[in-house]
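Presented sequentially are two complexes of chain A, the first with chain B as partner and the second with chain C.
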Partner chain A sequence: MAGDRAKRIDPDALSWYEATARQRVLALTDPGSFREFLPPTERRMSPHLPLFDLPRAFDDGIVVGRARLDGNPILIAAQEGRFMGGAFGEVHGGKLVGLLRVALELKPKAVLILFDTGGVRLQEANAGETAIAETMRAIVDARAAGIPVVGLIGGRAGCYGGGGLIAGTCSRLAVSEGGRISVSGPEVIETNKGAEEFDSRDRALVWRTMGGKHRRLIGGADAFCADSVTAFRGAALDLLSRAPAFDLATLEAEQARLEDRIARFGDCRDGTDVWARLGVNDPEAVPGMDTDAFDETVARVREADHDAR
Partner chain B sequence: MTLAEILASLFPDGHAVTVRDGLVTGSGPFERGRIQVVGVDGDTPLGVEGALTLSRAVLDTVRAGEQAPILVVVDSDSQRMSRRDELLGLNECLAHLAKALLLADRSGHSTVGLIYGHSAAGAFIATALATRVLAALPGASPSVMDLPSVARVTKLPLAKLQDMAKSTPVFAPGLDNMVATGAVHAVLDPGKPLGGQIRDLVAETQTDDVRDRLGEERGGRPVARGVATAVADQARLG
Partner chain C sequence: METLTFRHTTKKPLSGSVPSAITGVVASGNLEILLERVLPPDACEVAVETPIAGYGDVWAAVVADFVARAQPGGLRISINDGGARPDTVSLRLLQGARLMEA
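And now, the complex of A and B:
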């Protein structure tokens, strides 16, 4: 049973980055409370991957279900970055869309999406792309009905491509040091525009451009977590309690926030240039900061916290 | 059809739609009021500035409160691929544009996409796929990725992929495949006035997201709807 397995997982000791999707879900939610929809026993697998001679997964790389978080009923989805990079295929996308749509009826306290994705699964590209559009529409419908949709990002695959657009549609986002949020990944930019534009092997550059600390400092994420399930649980509980409404006022505020960002930082070449202009005293020190030191830095940056999402 | 031809067909009495740096904004007379036009022309990549220009026009239309329909015309590249755009939060800007269109829809504005050229990836999601009903003109070429790139990623021979593309719409680029998937609702007839065709399409469009049903009926996305329905059914059981 799910509850028995959950008891064996210590949320403090479990690295979010290293954990599987199921480990994250079980350790994040109240012990024994998780019930999975379309679990692996039902073997809802991709009908398309055999055409490419590729192995399938019984869950198509995503876990969806309901649970309790601090006693509150929630719906939860977790992508498995170890299966095809957590990419959106037809079944994968359908599970997430179904979960978000039923939220309108069940009215949970929140929907949590544990992103771990490279974006669209190319072998099912058209289905994946359409599912991303359906997901964004369903998130907006849930938000407009007053249901917060909170994204948690700290897995191996990051949150790329269409996943980055879905993340931008959520009410709130929490990210860890290892989490990256981006549309075009470093390899994609390098392949299309050359290594002079983006050297994808320069890991420090990747983190300064799309990593968790950069996203948190510019207001692209609303919480920065240590790499533990306990930290993400705390962030999720905090964020679901202060989700912005989905209305014209919020989007007007987001328009102003993003226009202001481009006006202020549009000529910056590197994350460190942006952080300096944000007022960070020692931008070069940011990548090496521990969570406490980074939280103190974030607290002094005005752009980091807002309701414009 | 070119954008100029589309606008001439839509607005025989003239319009105030302009194109600047590949970004389309403006309006024209439509039925008894006006229709707001936004979009991307000339296979232009959509970056942070472009996304915010279009979202500004959409939000201005919502604030005006007259429930004018919004037409999103699309001949774009993919999202602008650059280190700078990602540094500045391209994911937020593209999502913001999509949210603006979805807000407009919820606020009583009919949102209609019209793809007449190319579009791909993040730009396609943030524009055409964020409308309630997406129409296409013959010759449009929406895609996620071109087949040579798919061949590189999947390590399958291009010839094999080209052969598979004929029978498997789920992965191959092209308008027919996006229609089969349900992403594109209808293909318009360029020989007839576009205004009436778009009006009819809006009139028969349901408020629910029907794309997975269309994908199932057309065979291009055979299982997505059943999976979404099964998840919802199991969730209702408690």
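And now, the complex of A and C:
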């Protein structure tokens, strides 16, 4: 369905942030190569949403299938951030888990997950939570079988809640300036701990603490891209070719790095404090940097590159 | 949730041979439209699921206008509505028909 229309989408002109999940998939992958599993015509919709008098989506807010990326066979999933915040429900999660499990049989070059999610749908709470846990297990199984799982993050919903946990289990992550990665969103923190702890209306603060540049500088993401499909495509190709080994040494290095991060940055009050301690010369200038200037800054920060996730 | 179904007879089938297409997103003020070429060439059916009850007459008028303009014979059209305005619905329907002709 619609695979032949990929040619008409110009990946250079298409903003990742603005694009729909389907546009991202079609413009990212080789023209005509995408084959969708459980497409909208199958009508696999949420069994829960009608109970709440809420509209459903024919694909339950996630597009999954196989395709080629520069000739390499891949599996790909893309969340639609505009449908219920890209949140995980039963069918949505089941499609992602199924895709990751079939990777063990199809042995693709990589599995790409195009995150755009606020986490679990509250209306499908337990089913969504289960989906998060099953997804993380399926990613671990795929990585253990030698299949890299690469996350791409730059949508309007960011990558929050259970999506943030899943992103933490991926082999590699690419993020753009518009992308944010965290578990608790700004409003959740403010509601629970007060505006003194975190002012969710301070958008600059949100981007300095959860945004793509911050995640890249502390090594929480492995590539920083401009907001275009072309940039994400280049990052995906680069990252899938240099995924870390999934072994005890990688996991122990990750644990050590996390402990070191708490020790070094635990008392910081803002992203700029962290960046200063990382050795960034002019932390205040980071939010205004273009991609090239930012890449130069990243190149001078030791923590930004590591083989642990 | 209100479910509405409209059936129309068209003068001709919609041109082109694309078997199915989808456009739009279920979100506030938006809707998704799934089009499938599965009906006889002079028939068109539009099925709507909407959480906004009581606008059956408006939907009927928008769908009738679309059928008159596009002559979408052969199409079964399924809509998940997120509370879209009539002009948005018209736009999406015509966009969907265009995708099927491509």
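Everything below uses one rule, namely that the second predicted complex is superposed on the first by the 307 of 309 C-alpha atoms of A that agree within 3 Å, B and C clash if a C-alpha of one lies under 4 Å from a C-alpha of the other, contacts with A are read in each partner's own complex, and residues count from 1 in each chain.
Methods note: a residue touches a chain if its C-beta (ideal position, glycine included) is under 8 Å from a C-beta of that chain, and two chains touch if they have at least 3 such contacts.
Predicted, not measured: the structure shown is a model, and the values here were computed from it.
For the composite obtained by overlaying on chain A, chain B and chain C can both be accommodated side by side without a clash.
When the two structures are aligned on the shared chain, A:T41 is found in touch with chain C, with no touch to chain B.
Touch counts on chain A: comparing chain C and chain B, the chain ahead is B. After overlaying the two complexes on the shared chain, residue contacts for A:R22 are found with chain C alone; chain B is out of touch. When both complexes are overlaid on chain A, the residue A:L258 reaches chain B alone and has no touch with chain C. With both structures placed on the common chain, the touch criterion links A:A57 to chain C but leaves chain B unconnected. Look at A:R82: by the touch rule set out above, it reaches chain C but stays clear of chain B.
Put simply, the nearest alpha carbons of chain B and chain C end up 14 Å apart when the two models share chain A.
Put simply, chain A uses no single residue to touch chain B in one complex and chain C in the other. Put simply, chain C touches chain A in their complex at residues 1, 19-22, 25-27, 30, 32, 34, 36, 49-51, 78, 80-82, 99, 102.
Note for the complex: chain A touches chain C at residues 1-2, 5, 20, 22, 39-41, 43, 50, 53-59, 80, 82-84. Those residues of chain B that touch chain A in the complex are listed here as 48-49, 52, 55-56, 59, 62-63, 79, 81-96, 98-100, 102-103, 106-107, 121-122, 124-126, 129-130, 143-145, 150, 153-154, 156, 164, 168-173, 177-178, 180-183, 209, 211-212, 215, 220-232, 234-236. The touching residues of chain A, counted against chain B in their complex, run 37-38, 44, 47-48, 51-52, 64, 66, 75, 90-91, 93-95, 97-99, 101-102, 105-106, 120, 122-134, 136-138, 140, 144, 161-162, 164-169, 181-184, 188-189, 192-193, 197-198, 209-210, 214-215, 218, 220, 246-248, 251-252, 254-255, 258-259, 261-262, 265-266, 268-271, 274.
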